Amino acid sequence: MEFASDNTSGAAPQIMQALMRANEGFAPAYGREQAMERVRALVRETFEAPRAEVFLVANGTTANALSIATFCPPWGAIFCHEQAHVQVDECGAPEFFVSGGKMVPVPGAHGKIDPDDLARAIATVPQGDVHSVQRGMVTLTNATEAGTVYSPDEIAALCEVARGFCLPVHMDGARLANALVATGASPADMTWRAGIDILSLGATKNGCLAVDAVVLFDPEKAWELELRRKRAGHLFSKHRFLSAQIEAYLTDDLWLDLARAANDRAVALEGVLAALPGARIVHPRQANMVFASLPRATHRRAMSAGAHYYLWPHWASLEGPSDEAVTARFVCSWNTNDADIVALERVMRGQG
Amino acid sequence: MEFASDNTSGAAPQIMQALMRANEGFAPAYGREQAMERVRALVRETFEAPRAEVFLVANGTTANALSIATFCPPWGAIFCHEQAHVQVDECGAPEFFVSGGKMVPVPGAHGKIDPDDLARAIATVPQGDVHSVQRGMVTLTNATEAGTVYSPDEIAALCEVARGFCLPVHMDGARLANALVATGASPADMTWRAGIDILSLGATKNGCLAVDAVVLFDPEKAWELELRRKRAGHLFSKHRFLSAQIEAYLTDDLWLDLARAANDRAVALEGVLAALPGARIVHPRQANMVFASLPRATHRRAMSAGAHYYLWPHWASLEGPSDEAVTARFVCSWNTNDADIVALERVMRGQG
Amino acid sequence: MEFASDNTSGAAPQIMQALMRANEGFAPAYGREQAMERVRALVRETFEAPRAEVFLVANGTTANALSIATFCPPWGAIFCHEQAHVQVDECGAPEFFVSGGKMVPVPGAHGKIDPDDLARAIATVPQGDVHSVQRGMVTLTNATEAGTVYSPDEIAALCEVARGFCLPVHMDGARLANALVATGASPADMTWRAGIDILSLGATKNGCLAVDAVVLFDPEKAWELELRRKRAGHLFSKHRFLSAQIEAYLTDDLWLDLARAANDRAVALEGVLAALPGARIVHPRQANMVFASLPRATHRRAMSAGAHYYLWPHWASLEGPSDEAVTARFVCSWNTNDADIVALERVMRGQG
Amino acid sequence: MEFASDNTSGAAPQIMQALMRANEGFAPAYGREQAMERVRALVRETFEAPRAEVFLVANGTTANALSIATFCPPWGAIFCHEQAHVQVDECGAPEFFVSGGKMVPVPGAHGKIDPDDLARAIATVPQGDVHSVQRGMVTLTNATEAGTVYSPDEIAALCEVARGFCLPVHMDGARLANALVATGASPADMTWRAGIDILSLGATKNGCLAVDAVVLFDPEKAWELELRRKRAGHLFSKHRFLSAQIEAYLTDDLWLDLARAANDRAVALEGVLAALPGARIVHPRQANMVFASLPRATHRRAMSAGAHYYLWPHWASLEGPSDEAVTARFVCSWNTNDADIVALERVMRGQG
């Protein structure tokens, strides 16, 4: 009963096979292998962005921190949702990479930022006042930490607010594939056409071993980004093992297929959880995560039976009265089992 | 009609005289002048803290940022009031000196933090979770940005919360003298006896030219602080001009006399403002600042007549209907004139 | 004819198989997988260091920069060989991770530092003088950038110098296995018993895909190192793919077998190069690299025939008279072919 | 007998008087006082640079570090003389302000860099190689740490080298006035006309209390520099005390008169030292410093008699045989006494 995270799953067979193939023979190091040329072409085609530059790194924290540092000066304010990964789950990586910077958390229901709230938050940082940090950039997460999804129109509305303040916009797309599947939007519509300047394109959580891509839609800052990546220890010598993963990931829509599988499992899981006595779905289920409020007794039964998932926020207290509600997060992956969902329902209903 | 800030005032005559005296002859540089020995002794005596180490810098931003960087690691969360100078008025100096760090703003009425709110804020940063920044330190401001004052007991209660989480506590005492005069508390009771580990002892705003002191109550980190000061460009070569100011400042209670004068003028000003038609005092007046809500028309009259003070927050809009209320901050200094107060009343009442 | 670097080779079959096995099923993320327990035990056993802590990262630059940042304050001087990877090949990663720091390059024949030169270099940084950076730490590379090897006694002599100045010592062991095979020394004798505090244990260059380990012999700084790793984006979510590599790498002496194969090929290559007309071996060949001075004409023939290796330093000019000597670096890997050596000889002799 | 440094002297009477005048009444804070307008005009006129921007800070370390950080990215190499203040006397301030950076020390006789050596040093940092730090900027010191002086032509030749590599050039002019007096060059010829982009204009050592100016000849980076100054704690609230000093300093050539007095005293001192038995002048005396090699016995006599000066480098050993030579640095200030020179001669000759 594995619902702890999409990073407890392994890699998809196609990814492992690509890795095996990439291992044959010798190859130039540091991204000069031929596969990286193919990856670049593939990303440009996938995103309909012929000038985009692509940088492979090992994970989403790095993709986010590098993206932000490339656009935001050390004295910049970074506007993000108050539950964004960059704000609560990266041990200050953005501040480290930026050499300063101040995250300005914006509240918002169901993990999403409302354009008016974003405008208000930006306006609280006075413009051109040397005593204050300066407005730096905006970062949006899609799919969000609450498992909800922005449509391209919603992204565009937020980018328009940012543009009104002359701010660049980053998208944390650790679960971008899940958002694309959920909305049916094209990669281009969801990103640069809506106003996104730089994207963390997630792959690790969605069936790869360890690779995410930074997609820089305007290539002007490419060399700076390359230096920042190297200096942070994120330029891999045997880079072919990164490019092999991304190449397979984007080929024949594998990334969307994997995300669709995860989203579909989440639909099934949502049905199960919603029907439990005393349970309630907390955020609209739109991608591969389900947040449910459960009686603590239900939760305890699942834990005793060895189910894996987190209370949310994950430092929530485990102690308390049995009839009190707790909120739990359940994440589905490309290879989540139907059997695990059935088993979870059984133990939660005390039929285990 | 000068009420813009306590830093628009000049230096007190005693300070200027001390500066002239200090200029005679040659003196060792970089704090090895004899006057620094006397300053050290004076601070220790004033604070009843025989082991305290003292570091002179040119202003409060530096004193704060050095203090915080000495106690908080780059991945630390720094808990402060949401309107604290370190959070809103230092262009990210704490984050720069810390090489990262994340300010966690705590709300609180009238510029003060409630111990329960502090505990709650600290608890939101999960302990020992590598994905999160770590609980780093607490910083309190006394007198506060809202012109209110913590009593020693209130400081002690907040330090106790911090201590419960094993966190060190810094006090931004840019207006400490005003707080001491307001409460009648001793410097020791207001600081280390209440649990403060390191203090920014303000002097610039209160009648000096450019000097504040960092008082480190536990000398263990003295050498690190000295290196940080030098590395940040804050070790003065002709250091005697800093020590001369602080020596005069602390001699014969000059600092308290200056603060008392400022606080007293604020009492008078409060009376005037409170009595204006449509006006309302916004925060309890306890030190040398008065925050008043005024009809915009009243404010416009004062501005037209050349009065100096800021709307608050200072990026508040100047435009709007005449009968709408605006909030303004008025600051009194050691040398604020009665005549200015009389003149302000007159123009605000339209009698100018 | 592939001699460009040990990172143009792929991963050994045992490593790939371990990766495939690790991919089965679900596993806790972020290093909490069971394999990491086994890795920890294996490293401790291999190094006879039961208290050592182990941190897996993706490459040597990261291992080095994290190690240095954990021991050296931002105002510290880092003493290293003038050709050390940390000094010339990491785009300032140590300075980034340290948030400052100053590399102090120490000259030395054949890539090695002489204890007297080290002592002299350390002594040039004045102790306890606030105007200077402070003596921070020493970092040694074994095998060196010049393909030479320190014996345990030589390492111990250098560590003794460092200890005399109370400085911790890091070893960049990107090619540690090659050095161990070359000297026959035990891992413990080459590291902590000789005085090394923290080790970058290389694996990527020697038959892995992308993994190096930081071995911290004194566990006191373990938590700090863990936070630094996370904050730099180097804590992998699907960490099992790192632990799988290292587990296989250290099992049944695979790492030594791979290094031995590389060193042996270098012996053969050295013989070939030394016998070329006009050629000369530049540094004693002790590990898996050969540095040879060649007539430029010889070099041009090899390049035309598609041989892969670098002139050294790698920004050396490619232009110049045919009879002028150039210095070239040839690196052997675990899977370097005899056939490639034969082919190289042929083309260099103009028999291709 | 005070020859320890030009920062053991006090401030000139004209500076103190300006300070007293500046103290009258209220004035806007943070550089918005009217005097700063006058300072800006004065600097522009003095340097014949109508677009130059001027930033006042408290000392030379800050002026240098801010200048460098404004032009050099975190991954930049900073080329400087191996004895430059930025390299050996600022506790890593440039690296701190730059958030990284790597000082590349260039050797050179008598504190000066030869254009060919500069070109060679720059060329050792490979261009466009992501593994290396990148060529960042050049910083020159005039007068130098060895008391020698570059002519405008020499500065121009070095700037031409830098320009050939597309690198900006900073001048550390902590003793610029001494260099101008020594050469008779105009401020413009010595700086921007020769190719200097940004200047640390020293004043503290030459008769002020605590103020240096950053002069930015190309105003494009002015706002960034302003933010960096604030963020580093170097924007003074009672800024009028800085502008008052610089205004007086540059008025009626006071700065040149003070420097001329210091240089003249150094001429006299040089004569005395050169004539001592066993003594030798080590660097050509061109500004206000004399470096002399003396028998240790001579040095000991002076120390016993209470003379103040430093052996150089200042961590040189005080112990050793009496007939061994030591090198000492003697610095003259605007107010160095003839009587002190006479007294020094007497004690050194054993006539005290």
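The first chain written gets the first letter, and so on, giving A, B, C and D; residue counts start at 1 in each chain.
Keep in mind that, in the parts below, contacts are C-beta pairs under 8 Å (C-beta built on N, C-alpha and C of every residue); 3 or more make two chains touch, one makes a residue touch a chain.
For clarity, every value in this text was computed on a predicted model and none was experimentally measured.
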Original post:
Are the two sides of the chain A and chain B contact the same residues or different ones, given that same means over half of the numbers occur on both copies?
Top reply: same
**OP:** Compare the CA centroid of chain D with every other chain's and tell me the farthest one.
**Re:** A
Original post:
For the chain pairs B-D and C-D, which is connected through the larger number of C-beta pairs in contact?
Top reply: B-D
Subject >> Inter-centroid spacing, chain D versus chain B (mean Cα positions, whole Å) >> reply: 34
**OP:** Compute the distance, rounded to whole Å, between the mean C-alpha positions of chain C and chain D.
**Re:** 42
Subject >> Junction residues of chain C, two or more chains touched >> reply: 30, 74-75, 90-92, 96, 99-100, 130-131, 134, 227, 230-231, 235
**OP:** Going by the contact rule at the top, pick out the chain D residues touching chain B in the complex.
**Re:** 2, 4-5, 7-11, 16, 19-20, 22-30, 57-59, 61-62, 65-66, 90-93, 96-97, 99, 204-205, 209-210, 227, 230-238, 240-242, 308
Original post:
Quick one: in the complex, what on chain D touches chain C?
Top reply: 74-75, 88-92, 95-96, 99-103, 126, 129-134, 313-315
**OP:** Provide the residue numbers of chain C that touch chain B in the complex, in ascending order.
**Re:** 30, 73-75, 99-100, 130-131, 134, 224, 226-228, 230-231, 235
